[in-house]
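Okay, so chain A shows up in both of these, paired with chain B first and chain C after.
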Partner chain A sequence: MTTPMEQLDVAFPASLPEALALMANEATRGLPLAGGTDLMVQWESGARPVPVRAIDVKNLCELHVLRGENGMVVIGAGITHAALRRSELIRTAIPALAEAAATVGGGQIQAMGTIAGSIANASPAGDLAPTLLASEARVVVASVRGERELPLASFILGYRRIDLAPDELIVRFLVPARREGERELFRKLGPRAAQAISKIMGSYRGSVRDGVVASFAVALGSVAPTAIRLPEVERAVIGQPLNEATIARAEQVAAASVKPISDIRSTAEYRQWVSGRLVRGFLEHLAGRDAT
Partner chain B sequence: MTTMKKIQRTWKINGESRTVQFPPARRLLDVLREDLDLKGTKEGCGEGECGACTVMINGELAVSCLLAAGQVRDGAEILTVEGLEKTPGGRLIQRSYLEKGAAQCGFCIPGMLVSSYAFLRRHPVVNEESIKDAHAGNICRCTGYVKIIEAVQAAAERWPADEGKPS
Partner chain C sequence: MKRNFNVVNKSVRKIDSLSLATGKPMYVGDFKPADALIVKMLWSPHAHARIVSIDTSAAEQLPGVHAILHHGNVPRIVHTTAGQGFPEPSPYDTFMFDHKVRHVGDRVAAVAAETAEQAMAAVKAIKVVYEELPAVLSIEAALTPGAPVIHDEPEAHVPIPVPYEPQRNLAARVAMEVGDFEAGLKEADHALDLEYYTDYAQHCPIEPHVAMAHLAADGRVVITTSTQVPFHVRRIVAQTLDIPVRRIRVIKPRIGGGFGVKQEVLLEDVVALFALRTGRCVFWKYTREEEFVSSRTRHPEKMRVRTGVKKDGTITAMGLDCITNTGAYGSHALTVVCNSGSKILPLYRAANIHFVGESCYTNLPVGGAYRGYGATQSSFAVDCTMDELAELLGVDSLEFRRRNAITSGETSPVFRALGEGKAGVEQSIGSCELDRCITLGARAIGWRKRGRWQDKTGRFRRGIGMAALMQGSSIPEIDMGAASLKINDDGSFNLLMGATDLGTGSDTVLAQIAAETLGCDMDKIIVYSSDTDMTPFDVGAYASSTTYLSGMAVKNVAEKVAKQMLEVASAMLECKAREIRLENNRAVRRDGKSVGFGEIALRALYGTDQHQIGAVSSRISHKSPPPFSAHFAEVEVDTETGRVKVLRYVAAVDCGTAINPKLAEGQTEGGVLNGISYALTEQYLFSPKGKMLNAGFSHYKIFSMRDKPAITTILVPSYEKTGPYGAKSVSEICINGPLPAIANAIYNAVGVRMRTSPFTSEKVWRALQDKAG
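What follows is the complex of A and B.
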């Protein structure tokens, strides 16, 4: 059997510098291919044209770092969802990210798909983006011209668009580790637990001091062209007592502030309502009650 | 259409060294089934959803329909359903599926078996929930899940202590 991908040339650089050198030249650059869990499906189905060339970045060992340093977790671009969910460091420092990774596809997709692939695919339904946004992650991209570091929030430009120059590769993410007293949670709604793309999902990180919300960052996916933070909700709760009145207002603000669309996976009305319910669940979790 | 130049890879497949040439982005599934005549691995959906084409590469699961074979580097260890009989744990899982009658039409079973093997060789905490999680990427359209779960549970109880490594 011949598939469309058999017309695809693939370069197999042995190191990151070699990969960047290939990317630097228009005649040798290609689309970075890591786990293939998005690209191969899109190519095979015809949803996305097969490019002339791909660059295998799956095997670049420089992209497989995973370590903590100075309150920051450094996550290489090639770290898979399986590695994220298994990592003791991630489970302690960014538990919501481990949770999010564990809900992606099934074990096979988790072992193949990478953090950079999830972000570069820039689907609003990508499961890792909300947690990374809520934890104020930064992205480091590299080219032969050098490295560039920017907030993930600025890196994601729009629906399936990221701020990556043709000669650049995503090399790592810098994610602030949870600080003392900070709680976080990832929640996702889909038609079934595994192998289903989210209808809506989200994540928060926050803290309470003396019954008052000291910090609260919340981000949702599948309610806008990209995963988004909800600044109106954050403003509505920070500095407020963490009680039912605050939670009820946050739920209302969340439902009113998102502008989702109806598509094959859900309706706009449902997503608005669930946005409110998710925010309520997050604040109840922050208050020490079980999320509903 | 032009013919893409072929690349060569030498892998250890089911414990045996095999060398094969193919266009770099040919699906591993096609290389296994057609170039290497390992027909145990099945193509179900071809989109990474059903898990029928599941194989293990260097200890990690993969759906071979979404993997450009060239990305599997020289020296990689690939385990397909055909390789299970070569290990005590693999034989145990196969026997356990048989004893529990876990196969109905059987199409999903090669992928299920490989997922079961990858799961048990990590010496995980085995309960219904962890078994379901470990097989979440394998879909059985006969919906014969109960017996599959029972088979994995039964294999776990007799799992060889020296096979695989802790998760």
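What follows is the complex of A and C.
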């Protein structure tokens, strides 16, 4: 007798059009499978049923683009965490994303897991989402009906839910590159160095002009059902002088505006506190104090 | 006293390393035949319940199902699963299957089927009606008068005369007093009364529990199992199934880690009974979740330390009250809590000593043997208290420990007062290089530059802490080790031992001792361990006994064989035996004329006056010489998040002669990393109904190589006269340091005392918040 995973029927399309054609037809459609670092764990534990069919998208060359164009970085859906971590382009244009990718799981997970897989899994503890949200990334999905582009913030619908039709595949992400004068940072707090699921983490991107916060976008993970931007915090600091008073207020607003849960990884109270301290750390980083 | 060694005290390559590294079949799972039946267990979903009825009729009809075991169709024989000497000091409170379940994950019924999936399907088809009982989920609840009684069965008893009161959930009690403790407290200039708590932890062997049984041609049951205690497995399975010991053979192949959890008989009775009932080979391997929930754990322990000290640094009173939570069964309940006293109280001189150890039943996972064995818990409590006493006195805590620590030639009344289920054995300390361990460790970590927490500023603050430690080497006058040795035609030797190498390298260490004694190369020693049909009796690998005790048996048997070889050689070399030395695989006469070991063997086996050169030897010990160690940790505390990072760790250890220095360092580093992981992250989280919520490596974090700080091991040589070539134990002591050393380092960094493990970011953060007010 074979296990459900051994019975899984996997299709290996040779190109994106072929994959989309398979997805278009209910009889040939399957769950998109790339690195499998989330799916296989969920199948094994029973958290998610093993589907009848999967479409292996890992080797589709259309999903492996990684290039800069017009102040935008185009990241193919199949780009792995290891590739993000190593890419000179990412490290220059979106350094927080390279940082975030380097903290995902261990070396093996980073070598297999992909950016689209991480986003499609839509876990609040996913490591890449906060940075992508803070940099206002957009996602492009495709089907035989054509392509659709939308902000990542609207693509993530809720806890483990994304705005993807049954016939669609995520094909790439469009991430604005850091502009002149913009700083950014990713920080994560987990129980140990390797292979820890985030207790809490976040990312920001911002700039200062003449001592005043000119722009500031901040997003946190593991404090709500999805990774979230903190608009109240952003409003509280943009246009304000980057001084202790502003930082202290931002810290307060951050702790008050997140509504985390208590779970086996942490209590709500601690997450609120750390949210505030993360935001403080980001603003201090923006001010040029690289204590982290 | 031989000190110029040829093989001993050398880092020879671990004899099984190449086969292991190249993936040769060596573990229980490697020997599973393709047609073995697979076992799956139906575990209790309730913390405390009576089984009203079990209906297996539907499950029995499912495809592939061969047999189902439950309380209605197996012998009802009360026993303990603790693999200890006989009669065991642990209560007999366990049945193979019972009509009552006492924790989530307790046995209900087992299925043997052709495949794992078929066995699982049958497990799900078993219909059980439970009558839920109120559950006892903490030490406090267990000892509250009127608490639900977990062991209300009339059979429960301890086979030795020790206190046992299951009607009030008390699984064990031990007490001792030296001098007048209360008077000692009054005499003190400073007194402290502090409470500590250490949490559950699991051993997490990378190879979980796994066992297999089949019937030999003569009808005997052959059990191949991942165990530390093959001879205890044989005895306890015979007892549980009510069959003679002679019908059972237990084979221990290579083991993928034990750390104490495999000193327990948890799977063998089930596979053996299935093999007897089906005639088939039967295989059972725990999943990781089962390893967490349904094997054994470190006993959580509440400790109260009351001490008094005079201004001149003399400790006038040392009091330790310990209560462990043994979970649903009393495995190792008495002896672990005994060791909380006996392995730490002798370390510091005190005129008046008080110790009470108790262990209570709860409806939670079951405690057992775990490397450190009670000393891990109490070292934390006592050593942190020493740190606080030094602070009260305004002296360097290192010097305070040094001033009060036991040393060579001294004894402690605790040795005689506290044994394992009976009085202990009086002993005075032979070898002790604790002082030098402290000196060398302090230098390596930079102790003098650690500063005071009051002077530290900034978000990230560093601190250095230390701990002084002792353990034992074997259980005196209880443990026994044995070995047999015979020569082969080519001058090689078969060394057969009941001692069980768990991956520790004991096969290598013991072969080194044999080769040193015989005067031959390592590759002439063919080691086989362990097989109850082939190898002489040994209690097994526990209580830091293998190198010391089994090592003495090996040295002794090698001496006997050497003597027989000398007799043959004296006839060949035409001189007196005492004129011959055994060295470099040859018997050498004073003038240099020699015969090879192979020639001696050929003469003995085929030539004149034929006989088998060979011997069996066994040893017990009248001492348990403690290894000593000083541990130092440097930590960095993030004052914003409470996160504690261990930056550097130094362990200076006196284990006598390190028979194999590289393996001794490996034991130390492994134990230290395990201890750091326990100190910082490891804990069991439970639902309000007593179900473990983090039973897997996703949510129960153990440190990996990537988490490893720089660990420096300093082997500080001493010579223990009673041990083989001066050796003492090294395996357990190293896990006891991180809890106190890190707690003391956190204090040195940020001024908060952590008295509850583990020191998670959130807990440290809360302590910092409380301190700030």
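Note that the second predicted complex is superposed on the first by the 287 of 292 C-alpha atoms of A that agree within 3 Å, B and C clash if a C-alpha of one lies under 4 Å from a C-alpha of the other, contacts with A are read in each partner's own complex, and residues count from 1 in each chain.
FYI, a residue touches a chain if its C-beta (ideal position, glycine included) is under 8 Å from a C-beta of that chain, and two chains touch if they have at least 3 such contacts.
Since the model is a prediction, treat every value here as computed from it, not as a measurement.
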Which superposed partner A:G106 touches (first chain B, second chain C, both, neither): both
Contacts of A:E44 with chain B and chain C, given as first, second, both or neither: first
First, second, both or neither for A:Y270, with chain B first and chain C second: second
Broader residue contact with chain A after superposition on the shared chain, chain B or chain C: B
Touched partner set for A:I261, first chain B, second chain C, both or neither: neither
Touching partner for A:V52 - first (chain B), second (chain C), both, neither: neither
Contacts of A:T3 with chain B and chain C, given as first, second, both or neither: both
Overlap of the chain B and chain C footprints on chain A, listed as residue numbers: 1, 3, 41, 45, 106, 193-195
Of chain A, residues touching chain C in the complex: 1, 3, 41, 45, 106, 189, 191-197, 199, 264-267, 270, 273-274, 277, 280-281, 291
Touching residues on chain C, where the partner in the complex is chain A: 64, 115, 117-118, 459-460, 640-641, 643, 677, 680-681, 685, 693-694, 696, 698-699, 701, 703-707, 760-762, 765-766
Complex contact set, residues of chain B against chain A: 1-2, 4-5, 7, 23-27, 30, 34, 46-49, 51, 54, 60-63, 65-68, 70-71, 73, 115, 118-119, 133-139, 167
Complex interface listing, chain A residues touching chain B: 1, 3, 5-10, 12, 33, 35-37, 40-41, 44-45, 54, 56, 58-59, 80, 82, 86, 102, 105-112, 193-195
